[in-house]
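Inspection log for the structure reproduced underneath, given as structure tokens.
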Amino acid sequence: MSISVTSQFPIFKKYKKLVYLDSANSSQKPISVINAIDNFYRSKYSNIGRGVYTLAANATEDYESTRSTLKEFLKAYNGDIIFTKNATESLNLVAKCFGENFLNSGDEILLSELEHHSNYVPWHFLRKKKIMIKFIPVNKDGNLDITNIKSLITNKTKIISLTHISNVTGKKTPLKKIIEVAKSKNIPVCIDGTQAVAHTAVNIKELDCDFYAFSGHKMYAATGVGCLFMKDKWFEKFNPFLGGGGMIQDVDIKNITFANGVSKFEAGTMPAAEVISLKFAIDFLKTTKIKNIEKHENELISYAISKFNKMKNIIFVGKPDKSSSLFSFNIKGIHAHDVSTVFDQDSIAVRAGHHCCQILHKKFNIASSLRVSVGVYNVKQDIDALCESILKCKKLFKIQ
Amino acid sequence: MDLTELYQDLILDHGQKPRNFGKLKLYNHDAKGHNPLCGDNIHLYLNLDKKGIVTDLSFEGSGCAISVASSSIMTEIVKNKSEKKAQELLDAFFKMIKDNNDLKKIDLTENEKIKFQSLSGVNKFPMRVKCATLCWHTLKAAFDNQKQPINSEVID
Amino acid sequence: MSISVTSQFPIFKKYKKLVYLDSANSSQKPISVINAIDNFYRSKYSNIGRGVYTLAANATEDYESTRSTLKEFLKAYNGDIIFTKNATESLNLVAKCFGENFLNSGDEILLSELEHHSNYVPWHFLRKKKIMIKFIPVNKDGNLDITNIKSLITNKTKIISLTHISNVTGKKTPLKKIIEVAKSKNIPVCIDGTQAVAHTAVNIKELDCDFYAFSGHKMYAATGVGCLFMKDKWFEKFNPFLGGGGMIQDVDIKNITFANGVSKFEAGTMPAAEVISLKFAIDFLKTTKIKNIEKHENELISYAISKFNKMKNIIFVGKPDKSSSLFSFNIKGIHAHDVSTVFDQDSIAVRAGHHCCQILHKKFNIASSLRVSVGVYNVKQDIDALCESILKCKKLFKIQ
Amino acid sequence: MDLTELYQDLILDHGQKPRNFGKLKLYNHDAKGHNPLCGDNIHLYLNLDKKGIVTDLSFEGSGCAISVASSSIMTEIVKNKSEKKAQELLDAFFKMIKDNNDLKKIDLTENEKIKFQSLSGVNKFPMRVKCATLCWHTLKAAFDNQKQPINSEVID
């Protein structure tokens, strides 16, 4: 295999037998990230942005340099990155702020049937304003069917919000084509990049999207921090999202004026330690090289798919994609949660459920599935252990 | 923890071929239950006569083997028992699942006891307790004619 | 002094000379909390709530038991605690959800002139709906003047939101009297307890408020987690705040039904490590005993005030309160930020600014002030160092 | 770091008794600046004649010693200079404060140089850079007749 970083992850020292195949849910943390958090609390702790004293100034510098690091990592040069608590909050911010100023009764929003609940429920809230939500359909392979994209995007379409990579099928969305059509009609595009950032090279400038949302905890950083890239022009056009300390310019009993730029959207005490951990996570990704990570993960998934193809009674959710870091499946006749319990006995962590994608699961007429998702630390033996456990499971349930 | 303790033949059988499955033609009580973690869904129908006897009951829905088997077994055991007796069984079931209590004092036929106890293995799998108890929570809700669906994640 | 826990805080080992007097901004972390975070990422990490496997189940248990620990610690038996990202988000949640369903044009909200921006800006947003905000005035001592409380609370008053302890003067608000009047008129009360929870015993049941908001990072826990106590009845009455994974019951293309209870308000991946750190912070508070902490901090503040009273050209913001953990002041003729720079040279961390309370500062006709706030780890020598640095500052600026 | 390098007598003097303070009766350019960290506020007024000479300028506002002294000194130095020259001074000022560059190439009287350089100590106090540069940012905004207030936290 092209990379070997497993030893950098303490969890696998603690649980020698752990087969962690749930990175799409949340990734384990490398020692550099864990130490950075520890070190921040031990030797550098201070609230950011508000103190004139050295400890505060240094913490603020670490915090702000994380923003620059992220911008460079994602080539996010035509806008800025707002820190939130998770990708979900990032998407809520876009939906609420955009909805408030740019959507009126009868307007349409275009999503897809692949979307995670976090990229649907926030838009659903806008239905109160009599806004219509349309969905780009998914075909039986689990791919977005964009043959009719030009008719799906109407004169009433005011924004398009799509996942970059599906968290159920692992497939990349045909963003380029969709954004092309959107741009020709001047429609802003929001991308949910939560499953992309740690698994493939992301170039926001090239994508030319207006918003790009993701979470730190799925890219080897701490929990409690999300990100939102926003093109420059929206900073002024949007009203603030949350109100509180740090996002104001002047406050009196009658009136309030708000800060400019990212500050306008970062209300209250920010998750300083968690943001800073993101900087170390990116350093880890840069050192390991995203190109190598992608290759490594694709090799593992290819290996898994070819082994799965040799087994009976495996039903994939859509057609699995060898160039990805995850896929989902069911064993015919056994409920996903029962399978998951069997896996757990073999220290295999695989997520069972609808993965917050009920629309897609309903489309495929299933209530749940098992998702196999890999990270930098996985190895071929993990896939072997998984396949063995599937056989065990079938035996227990008396299925071929 | 031995998986065959959890997935006994009886459980697998009831999980794959649930008894009393479908909607009753005539019923005067019903309730819905939901376990968001597993996506288990159950809709329970029952007919309670004037003397307080459950003359018939059935369920619809989908879920994992534990949840379906538990529902199936529950309907078999509760049928033709009084509401009061059903409440006792419910208490006994929770005690068995959660505290690993045995069933000595419960007045059931030997056959019923075996079925009832086939679910006791869940005790060793805390993550699956919700699957086994969902139908019993829903039974209680049906007696109370509760409109809001039961959510076993919040309850257990 | 009654307690001596400074050695439990690694930051003071690292910076032997550090005089940290900015705990009202954010507190330093005890080793038990730091180790708990480290240990979670090293040996226990998993996303919560969504996995059937053991790692996930254990993390979920740790997370949920933090909620129980908090409820017990604050005697919050008549409701539940929602985890947010900070006190600011907690207050935004209340303002938005309450505003949405319970406020109409012409209705009044009652706040006070003591409020932190985080307990004003979220309510200010509702002015769009033609809602009026009234303020309980502050007298020249910095106390809330509630002599006219009965006329301030009118038939149009729909909610009252007040700070428990001022983050500028350190004084406790006369909550009991205000809540009494509010209850008699059936008006819900929201308390901003951010400056209270780590410094005095809080009994939510006894307070009988409807909402109680606070932040983890000011009570010795990690950044990135806030809390909101909410009385049971509001869980059903409120619409969800953020939409996304984890807060739904069923999703399809047309309709969405939401989860019940706390889940309804916890969208997306929650800050698991940060929440769990809160459990250890509470253990620390319980071991040290909040009674002892309060006594210790009051002694330090009394000592500081009596020393300050002997110095010339000190102007307090309001009348300082010896039974508190903080006070604010200025040196006549020197700007607070210049003072703060001098302090910094002596490794004294004191916050200069308006402390997110511009209304109060404007009321006292000042742009900024210096806030001295203590925590469990402070000692008399810290106050001595502060006083010496004040003399140095005066000398530098040629002021008596 | 020696505090007397930052708070030189000249700075303390300008900080306590700012020159050119107040609003000009006649002005054709103005701009506002704000530094949220310190709460420094400045409103700058200036009169630019047809030849591009700043014939008069003044400021109002409040702030820390560094910010007030910097504003006071800036107004003294820029008065009666051309807009072009003022821009050069601005660049030189930023270079001095941020990169610790010296002023060799700048064409100023000895007295002006002393005043200008009295602010160079800020270089060693990164947290206070914003205080010193605010007035210069605002000067630039005034030349450009920029309506939105300058926020030095975002700029620096």
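Each chain gets a letter, A, B, C and D, in the order it is written, and its residues are counted from 1.
One rule holds for everything that comes next: contacts are C-beta pairs under 8 Å (C-beta built on N, C-alpha and C of every residue); 3 or more make two chains touch, one makes a residue touch a chain.
Remember, it's a predicted structure, so these values are computed and weren't measured experimentally.
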item: Of A-B and A-D, pair with higher C-beta contact tally; value: A-B
item: Distance between the centres, which are taken as Cα means, of subunit C and subunit B, whole angstrom; value: 46
item: Separation of mean Cα positions, subunit D and subunit C [Å, integer]; value: 38
item: For subunit B, residues contacting two or more additional chains; value: 37-38, 127-128
item: Shared interface positions of subunit C, touching two or more other chains; value: 50, 52-54, 248, 250, 337, 341, 344, 352-353
item: Topology of the chain contact graph, where touching chains are joined (line, ring, star, complete, other); value: other
item: Touching pairs - complete list by chain label; value: A-B, A-C, A-D, B-C, C-D
item: Complex contact set, residues of subunit B against subunit A; value: 1, 3-4, 6-7, 12, 16, 37-39, 41, 62-66, 125, 127-128, 131
item: Residues of subunit C that touch subunit A when the two form their complex; value: 10-11, 14-15, 18, 20, 22, 25-26, 28-29, 33-34, 37-38, 41-43, 45-47, 50-56, 85-89, 91-92, 95, 113, 116-118, 120-122, 124-125, 135, 215, 217, 222-226, 240, 242-248, 250-253, 256, 267-274, 337, 340-341, 343-344, 348-353, 356, 358-359, 362
item: Interface residues, subunit C side, partner subunit D - complex; value: 333-338, 341-342, 344-345, 352-354, 367-368, 396-398
item: List of subunit D residues in touch with subunit A within their complex; value: 34, 36-38, 126-128, 148-149, 151, 153-154
item: Touching residues (chain side subunit A, partner subunit D) in the complex; value: 49-50, 52-54, 57, 248-250, 259-261, 263
